[in-house]
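Next come two complexes built around subunit A: one with subunit B, the other with subunit C.
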Partner chain A sequence: MASFIQLMVSGLATGAIYALIAIGFTLLWQTSQTINFAQGEFVMLPAFFVLAAMNMGAPYWLAALIGIALSVVILGVLFKAVIVDPMIRHGVLPLVITTIALSLFLKESVKDFYSSQAQPFPALVAPRDLHFLGAVVSLQSIVVLAVAVATVIGLHLLLNKTRLGRCMQATAQNPTVARILGIPVGRMVLYTFLINGALVAIASLLISPIYLAKFTNGEALGMAAFIAAIIGGFNQVRGAILGGIILGVLDNLSAAYLSSSYRGAFPLVILIAVILFRPQGLLGRVEERAV
Partner chain B sequence: MLRTGFLVSLVAASIGLAGTAHAQQKTVYMPAILELSGAGAVSGTNFRDGMLMAIDEINKAGGILGHKIETPVLDTQSDAGTSRAQLQKVLDNNPYVVFGPVFSGSVLVTQLMTMKAEIPEIVGGEAAAITQKNASYVFRTSFGQQFSMPKIANYIHDSIKAKSVAVVWVNNDFGKGGRDNFTKEMKDRGINVAADISTEVGQADFSADVVKLKGANADAVFVYLNEEESARFLKEAKKQGIKAPLIGETTLLGQKVIDLAGGAAEGVQGHVGLTVDAPIKAVQDFAAKFKARYNYVCDHNGIKGYTGVYFVKYVTEKIGKFDGKAFAEKAHGITITPQEEPGILMEAKWDKNGDIDRESFLGEVVDGKQKIVKTLPMLSKK
Partner chain C sequence: MKRFGPLSVAVAAAAAIGLPFLLKPFGVYLISMWAVLTIAAIGLNLTLGYAGQVSMAQGAFVGIGAYTVALLTAAGWPFFPAFILGGALCFVIGWLLGYPALRVQHHYLAFVTLAFNTLVFLVLRNEEWLTRGSYGIAGTDRPSLFGLSTDNARVFYFLCLAILILLSAATWWMLRSPWGRAFVALRENPIRALSLGLDTRRYTLMAFALGSTLGGLAGGLYAPLVQFIEPGSFSLNLSFNLLLMVIVGGSGRFFGPFVGALIAVLLPEWMRVAEGYYLIIYAMLVMVLMVFCPSGVIGLFEKAMKPKKPPAAPAAAAIKAEATPQ
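Take a look at the complex of A and B:
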């Protein structure tokens, strides 16, 4: 039982981070048909913004704020203006290829301009373990889970309980009608890129103390989040959340109780099953777009 | 006046061109194919930096047999297929020797090509299989697993006195080779392998693996992972309160792992084939030079790259020509001492398979530093 609790908490914490990244996938897809294959590198990069700020003498909290701000500007505004807007006119596929190129560029740039070696990254809380029903659960895992859940709740409230959120939803569902209704569609699309910039920065702050900050981190994270988004439903934020949680928990439980050798294969088996039997994802809707 | 000036310029230009041509002739092409990106970037860049430091020293002192070393460095991207393509690229230019790769999986692919081309390959790979494939042109710069694992096994048997052991290994050529040799050595000593846990390259979450480890309740845990995975594993092991001694090979006790793992590396023990903390003045002087030049602490791969170049220099000067075949014949069975070649740092011997033998160490992590507690003699001097 103790082992099961440990595995569940650890899996939920990892899954919650996958969910944050997967939400970014669905948001960008819903509002601008952008499939961002550099999403993993978008999570890797803010950690280095933070480390660079700390190297210049900033305390952690200030460095984290700088990291989030830079992420919003560079991975939100600049990404949209320099990459997405010029490429999306030529269709989804050229944009997909461009984001793959961007992922390589970001990865190699961090390696060349910062370091090829993994860097220790400060945790949000001091390392401390909690004992619960015989299980040892790190406070860090609990905090990661709490911050990720709070972020998702905040996003849910923004999208469903505010006028701005409803305008974004309308833009996602039907941009032409939204424009007729007077909604500034371009600005709404920009907001989703800003939200994605903030989400990847938060995910980066949460996962880098566990993964260590390294230029290759984006490969595994991007793939996991992409699979999570497909499993949950690419056109539903709540689907991305479910997909992330399933992936994180399944990874841990399968490694412990089935086979550690094949742990990488289990998420892919689930992915294949979803594509075969429910192509729109577990919570996705057929041919409907909403954020 | 004008004509005189023109003639002077012409003569000067001719001398300059001749001088340039002369300088171009006096180089020897020794390319390197290394892991500069991907999962092996830390190992590859350390090897490269140690290698380039040795090359600069040798070139400043006049080169090898009067030839400056020319070493372009090509990136394997830590991928065996890319390593093969990069090697083919340099083989087309008829190199004298090739440095790298470091990853065993890449070495296993490239060594057949260098053997066919009769070009010596100075590698950083440690998988036992490398020198068991009759590849007569491959030379190691560190212990193969068939040499390091018996030393660890003796330590676990004689010092830890373990009756059972759990093995955690990374699922690549390096990890699989280490695991196979280690379990064989355990069996030979009558020690039960209570858990055999494979992990993935780049794995971040080790909670499931440590849960399995706890269930095995072994007297000792042998950890054979790459650097970053080692650090993450140690953190998780500490979190879940693993009490059994954590034993490892060179990587687990490296300063990088200690730094990344923080306090979780405290008390880790094991065998260290190469380390900048070795109680040998030449090694410590090398480490200080490396730190001053690159502003980071060299790991064992930096020593491999540095000594590998001096190995080539020594053997070449012995044969007196740039001939790969003659190099391979001379290098098999050669012993180089620091008195004969200071750049070799520690006495080293290469056997008929290209395996290296030198002193090694038992270490322990104390107060965030690797502490060498015992020096083990060369196997050939026992």
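Take a look at the complex of A and C:
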């Protein structure tokens, strides 16, 4: 039981990070039909912005802010302007190829210009264990969970309680009608790219202390984000959250109780099952398919 | 294009036959690799380019074919039966993988196939009793043909080339048969295809099965060419690479995979002078190409070869200039 609680807490913490990445992924899909195959590398990169800033002498909090800002500008604005905008009218597939190439580009750039070694990354809190119902839970997991939940709640409030957020939702649901109603659709799409930039940066700050900052981190993270997004429902932010949590918990529990060499397979089997039996995802709406 | 087509094919054929006599052993290895990967890319082009079914699992089929040949020849089978069996196995598995495509399309299908690829990788890595896991299998023998050994790299290259020519001729023929037309109809408008009486269900499965078969056959040549296979060679990276070859070469164009595979095999080698940076440059080139010419190199070529349109009549040009806002 004690180990079960431990596994649940660390699973929830990882799951919450997956959820952040998956939310960004679904936001881009909803507003601009971008399937970002570089999403995992987008999470890997900001950690190196932070490390670079710290190497120049910035304290951690400043470096973290710089990392988030750079991520918003480069992975948000630049990504949209240089890659997505010119490509999107050619359909989904060339953009998929381009983001695959982009992920290779980011990975190799970090490897060549920073380091191919895993870099230690400062944690948000000093390592400490909390004792809770006989289980030992690391403080770090709790903090990760808290920050991720706070981010999700903030995003939820932004999307549902503000005028701006409702404009963005309208853009996602039906850009044509949104435009007729006077919503600046182009700017709303840009905002979702900015939000994605911020989300991946936050996810990067949370996950890098656990996995260490390494140029190959993105592969597993990107995969997790896709799977979480699809399990939960591609067109729902709530779905991405649920998918991320399911994935994180499942990952930890299956590695402990079933088979560690096939731990990577469980999410995939669930993915295939969900796609075959409930393609819209657990919480998703059925998309009307244009002929 | 019509006039230049046969000419460029002839030049390419001459190069394919003449080059191995001019190249060093590593060069011969590279063009053999080109021939092998082209076969796999032709298969993917069939599934993706002609029938419009997104597949990110072609690398897995190359792996299945390679492991079939490596394991069976190690167990004493001669090469060709193992080679054919590898293709047949991929036909069956590809057919089964086609079933999800009957339910879901586009990005969902991409993710199903992607998951399938990773599952195959995990099985290859974890089932050590069968595949020897991450140690891989070394030393797959090269076949001998009518008593002629293909241990020599150059002879083996010609075997690969011959199989490539055979398979591309078969594909060419198939694309011109009612089947090929049905594939394109499936890509362009599945609902109309269905209402015209095409059994879209069967053709979708067939598109997957045939494309996967070519992947498996390519794998059957890959094992004796490289003589060392391990699960990592058939991970998602290979599938991405094959997808890249098809799209960069020109998806849905017959010669696209040939050009795409050539670029994907040779470009990284040529750019080795750039040392560690070559993958960065490669990725940038792909992005630039995709931004400026999403129909790939063949598309670029077609655009360049298209006869220049005669200049519009002055009046028409004036109207057009007026119509476009300044």
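One rule holds for everything that comes next: the second predicted complex is superposed on the first by the 287 of 291 C-alpha atoms of A that agree within 3 Å, B and C clash if a C-alpha of one lies under 4 Å from a C-alpha of the other, contacts with A are read in each partner's own complex, and residues count from 1 in each chain.
In this section, contacts are C-beta pairs under 8 Å (C-beta built on N, C-alpha and C of every residue); 3 or more make two chains touch, one makes a residue touch a chain.
Everything numeric in this text was worked out from a predicted model, so none of it was measured.
*Asks:* Which partner chains sit in contact with A:Glu108 here, subunit B, subunit C, both or neither? Use first/second/both/neither.
*Replies:* A:Glu108 sits against subunit B and subunit C alike.
*Asks:* After superposition on the shared chain, which partner residues are touched by A:Val96: those of subunit B (first), subunit C (second), both, or neither?
*Replies:* In the superposed model, A:Val96 contacts subunit C only, not subunit B.
*Asks:* A:Ala64 contacts which: subunit B (first), subunit C (second), both, neither?
*Replies:* neither
*Asks:* Would you check which partner chain A:Phe226 touches, where first means subunit B only, second means subunit C only, and both and neither mean what they say?
*Replies:* second
*Asks:* Name the contact category of A:Asp129: first (subunit B only), second (subunit C only), both, or neither.
*Replies:* first
*Asks:* Report for A:Leu276: first if it touches subunit B alone, second if subunit C alone, otherwise both or neither.
*Replies:* second
*Asks:* Tell me which partner A:Gln6 touches in the superposition: subunit B (first), subunit C (second), both or neither.
*Replies:* first
*Asks:* Contact-wise, after the overlay, does A:Gly264 reach subunit B, subunit C, both or neither (first, second, both, neither)?
*Replies:* Both: A:Gly264 reaches subunit B and subunit C.
*Asks:* Which subunit A residues come up in both lists, the one for subunit B and the one for subunit C?
*Replies:* 108, 111, 261, 264
*Asks:* Please give the residue numbers of subunit A that touch subunit B in the complex, ascending.
*Replies:* Of all residues in subunit A, those touching subunit B are 3, 6-7, 10-11, 14, 107-108, 111, 116-118, 120, 127, 129, 136, 138, 207, 210-212, 214-216, 219-220, 251-253, 255-256, 260-261, 263-264.
*Asks:* In the complex, go through subunit A and note every residue touching subunit C.
*Replies:* Checking each residue of subunit A against subunit C gives 29, 35, 83, 86-87, 90-98, 100-102, 104-105, 108-109, 111-112, 223, 226-227, 230, 234, 261-262, 264-265, 268-269, 271-272, 275-276, 279, 289, 291.
*Asks:* Mind pulling up the subunit B residues that touch subunit A in the complex?
*Replies:* Against subunit A, subunit B makes touches at 36-39, 41-42, 45, 171, 197-200, 202, 204-205, 207-209, 211-212, 214-215, 227-228, 231-232, 239-241, 256, 259-260, 262, 296.
*Asks:* So in the complex, which bits of subunit C are touching subunit A?
*Replies:* Residues of subunit C touching subunit A: 54, 100, 103-108, 110-112, 114-116, 118-119, 122, 125-126, 189, 191, 240, 243-244, 247-248, 251, 276-277, 279-280, 282-284, 286-287, 290-291, 294.
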